[in-house]
Each structure stands twice: as C-alpha cells, then as structure tokens.
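In order of appearance the chains are A, B, C and D, and numbering begins at 1 in each one.
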Amino acid sequence: MDSMGRRRWAIAEGYIPSQSTGPAPAMTSHETACLLNTGERDAHVELTLFFKDREPAGPYRVTVPARRTLHLRFNDLQEPEPVPRDTDYASVLVSDEPIVVQHTRLDSRQAENALMTTIAFSE
Amino acid sequence: MDSMGRRRWAIAEGYIPSQSTGPAPAMTSHETACLLNTGERDAHVELTLFFKDREPAGPYRVTVPARRTLHLRFNDLQEPEPVPRDTDYASVLVSDEPIVVQHTRLDSRQAENALMTTIAFSE
Amino acid sequence: MDSMGRRRWAIAEGYIPSQSTGPAPAMTSHETACLLNTGERDAHVELTLFFKDREPAGPYRVTVPARRTLHLRFNDLQEPEPVPRDTDYASVLVSDEPIVVQHTRLDSRQAENALMTTIAFSE
Amino acid sequence: MDSMGRRRWAIAEGYIPSQSTGPAPAMTSHETACLLNTGERDAHVELTLFFKDREPAGPYRVTVPARRTLHLRFNDLQEPEPVPRDTDYASVLVSDEPIVVQHTRLDSRQAENALMTTIAFSE
C-alpha cells in the first residue's frame, strides 16, 4: 500500500491524571498517540512536549515500522524524562516518513471511565 | 446531491475491548467506521487493518450503496479473518467513489458506557 | 468579523438512542449539529439525512442569523419528518454562506452520560 | 522548532454546565481551548464568543508565550464579561502567530465524568 499521511503533527491537549480506577494497565488513566505507518519504510518519529511554564522536553524517539501501527502511551515515555502527571502539556510529532496520528485519553479518575479522541492536527 | 468526500481514509486508533456491560448488541463494546456515500453510484470500499507486530489483514470488502450510509462495526468483520479483541490496530479505507468516514467507539467495559468519535483522516 | 468556514459539511455518524436517564431536556439522549455563522449575512442551511436502507429525508431548513450560533438538536427536527430513534443515519448540510459545523452526541442510555464530539467534514 | 499551525480557529460547540460532581477545580464541569505555540515569538490571541440570541462578546485577550501551551478554561474568562453557564455558545480565536487549537469539555453533571475533544476548525 502507498504511504499515507503527513510528517508534522500536533496535539494541543495533554493531561495524564495521576488517579485511576480499575485494573492496570487497561483502565489506568492514560493518553495515547496512535501512529500509523502504511508505507514500505520505517518511520522515525521525534516527539517534543510543551508545557505552560517551562521549556519543552524531548525529543523522545520512537520508530513505527513499515506497515505497522504503534499506540504510544505518553505514560510510558521515560527518555529523556517521564511525563509529569496532573500537568497540562501539548505535543508535536515530526516523522521522516508520512504517518497518521490520532490522539486519545482514557480517564478513570472516577469509577466509570471516560474516553475522548481526535485526529491530530497536521500540515 | 453531488458526491462528497474523498477516496482514501485512515483511522489510527483501533481497539475492541473483549468485555462489555449491558444488553447486546447496542451496548456491546464496539468500534465503528461510519461511511457516507452521497453520490449517485455505489461505492466499493476496501478496508485494511494494521497491527503492532504482524502483517496487515485484509482487504475486507464492503459496498456503500448510492445515497446511503453504512455504519460498519469492526466487530462484525469476518472475511478474510475476524478482528482480534483487546488488540491495538489501525485501519485504512480505499473507495472507488468519494465517501466520508467517521470513527466511533462505544466502550462498556465498566458499568457506564463511554463514547468517542472523530472524522477520520483523508487525503 | 469576517465570515469563516465552508458551505458544504458532512457528518457520517448519526444515532439518537430512544432511551435516556436524567432530567429532560438537558440529559435527554441527543445529537446536535452546532452551527456557527461569524459573517454579516444570515446563513440559510439545508440539511439532508441519509439512511442505511431507504432514500434520503429532507431537506430540513434552518437559518443561522448573522453573528450567531445555532446548536441544532436532530431530536427536534419535524419537517418534513422526525428523525427515527435507534436508527443509523448520516447528514449533509449545505449553506448559502460560510459556516462552521461541529457534531456532538450526549448519550444517557445508562445512568451516567457519555459525550462525544468532532468538527464535521467540510470541502 | 518552527512555528506550526494557523491564525484563525473556530469552535462551534460551547456549553458550560452549571452543575458539577467531584472535587474542584479538577472535576468541575468545564470547557477548555488548548492553545499550542511552537514558535519563537509570543502569540497574542483574541477570542470572541457567539451566542444564539445576542451580539457576540469580547474580545477576550490571552497570550501564549513562545514554545508554550496554554489550556484556557472558558470558565475562567472574566474580561470583558464571564461566560454564562447553561448557555449555548461558540468561539473564534484569532492569533497574530500560528497556533494549534484543540477543544475539550469535561462534564461532571452526573456522578461519573464524561469527556469529549476535537481539533478545532482552522482556515
């Protein structure tokens, strides 16, 4: 299949609640960037986090292999630093191959989980 | 009415929980691709699924008749293979006529259902 | 303010649950097309509904006055016919002035409500 | 990082429930415009609110510093006037620098919160 998507994406919302209800890891409150690489070459992605009152963090580096999807939990990012909980952030993803990015949050602060999603902004 | 939309669409998020609460099929946890064909010719759509660690599955073939909408549950796909539950996936839809695609999940793993939706990515 | 937006919009998802929990009308299960007209001329909008297995319904006609927003509940459409409950549908909106369209559902079939939203598809 | 985004954005949905369940401010029912400025210059943003049956309110003025994100709660807007609760509204944001805008609502009218999000409309 031909490659599809764009190389620069932004997600202006970001917030990982420190509290969760229900069995981990499925029901742990989390935010995810779902990355899809439909092309024939691996996509090397650099992710940068933006905050309200400090300099950006990153780049975080992940690879989305050819013809694969990677659902990247922001909760799992460790290098160069973990993502702070209960803190507003935003993210930009720059890839060397076209990809498609969709953002989700599962929020289980209360007994019943809430979900939200959107295709990210690209240009 | 004139045809409207595009021929290539992608949904980077995909995950069908194996657990549900409430009466089937309405409240069964499910993901749906809502397809709209406003034109005067039937749209033949090929859907391909992408995964984290295996080759893509498909194509799955569906037809959206002229001037009709088809809300396709990923749960119902059987040929060439069912969609695995509790597994990250993504999807690409290629149509021979312009269509509009919107993605939804109803998640009823917990007692109260959660919903999310987004217009899919097109180019 | 200058006018902003587009003249043709589509929402591929549509489904009004017949069941609700909580005080009406706020917590009645409903779908809404939020229409924004930032311009200096009233926008006359024709809405057409598409179904799975019958011809489209409409046009429904609404006016969004200059510099106003109209949050149109599909539940309230009566002419030329009400929107059937528990039935898949989709919608197209055609305006004579640029507008912006956002889609929402509040689903209160279960005790706790669920929400979803997306900017509609435009071209 | 290069600047990213657009200068004119619209969110057609707007509604702040007057009721909430759970600890303030995190679980207070709220709507947010998440603004991301990836560029090297501060972004000065003017926000205008549109209503169903009165003239628009604003402009509200906020600054998103260079390389920062601002998650602006509509609940917190005070000048030139607060945002009425339980009232349909819509919003337009005009910036002197490119930004990315994402809209969210956390709705805690009932015991368990609901969430929704979408990238706003830009042109």
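As a working rule, a residue touches a chain if its C-beta (ideal position, glycine included) is under 8 Å from a C-beta of that chain, and two chains touch if they have at least 3 such contacts.
Please read these numbers as outputs of a predicted model, since none were measured by experiment.
Visitor: Tell me whether chain C and chain D, two copies of the same sequence, contact each other through the same residue numbers or different ones, using over half shared as the line for same.
Guide: different
Visitor: Of the other chains, whose C-alpha centre is the longest way from the centre of chain A?
Guide: C
Visitor: Report the inter-chain centroid distance for chain B and chain D in whole angstrom, where each centroid is the mean of the CA atoms.
Guide: Centre-to-centre distance between chain B and chain D: 30 Å.
Visitor: In whole angstrom, what separates the CA-based centres of chain A and chain B?
Guide: 21
Visitor: Which residues belonging to chain D are in contact with no fewer than two other chains?
Guide: 111-112, 114-119
Visitor: Taking the touch rule as given, give the residues of chain D at its contact with chain C in the complex, in rising order.
Guide: Of all residues in chain D, those touching chain C are 8, 10-15, 17, 48, 50-53, 55-56, 86, 88-90, 92, 103, 105, 107, 109-112, 114-121, 123.
Visitor: Sort out for me which residues of chain B touch chain C in the complex.
Guide: Touching chain C: residues 1, 4-5, 22, 26-27, 32, 34-36, 38, 67-71, 100-102, 104, 106, 111-119, 122 of chain B.
Visitor: Please name which positions on chain A make contact with chain C in the complex.
Guide: Interface residues on the chain A side: 112, 114, 116, 118.
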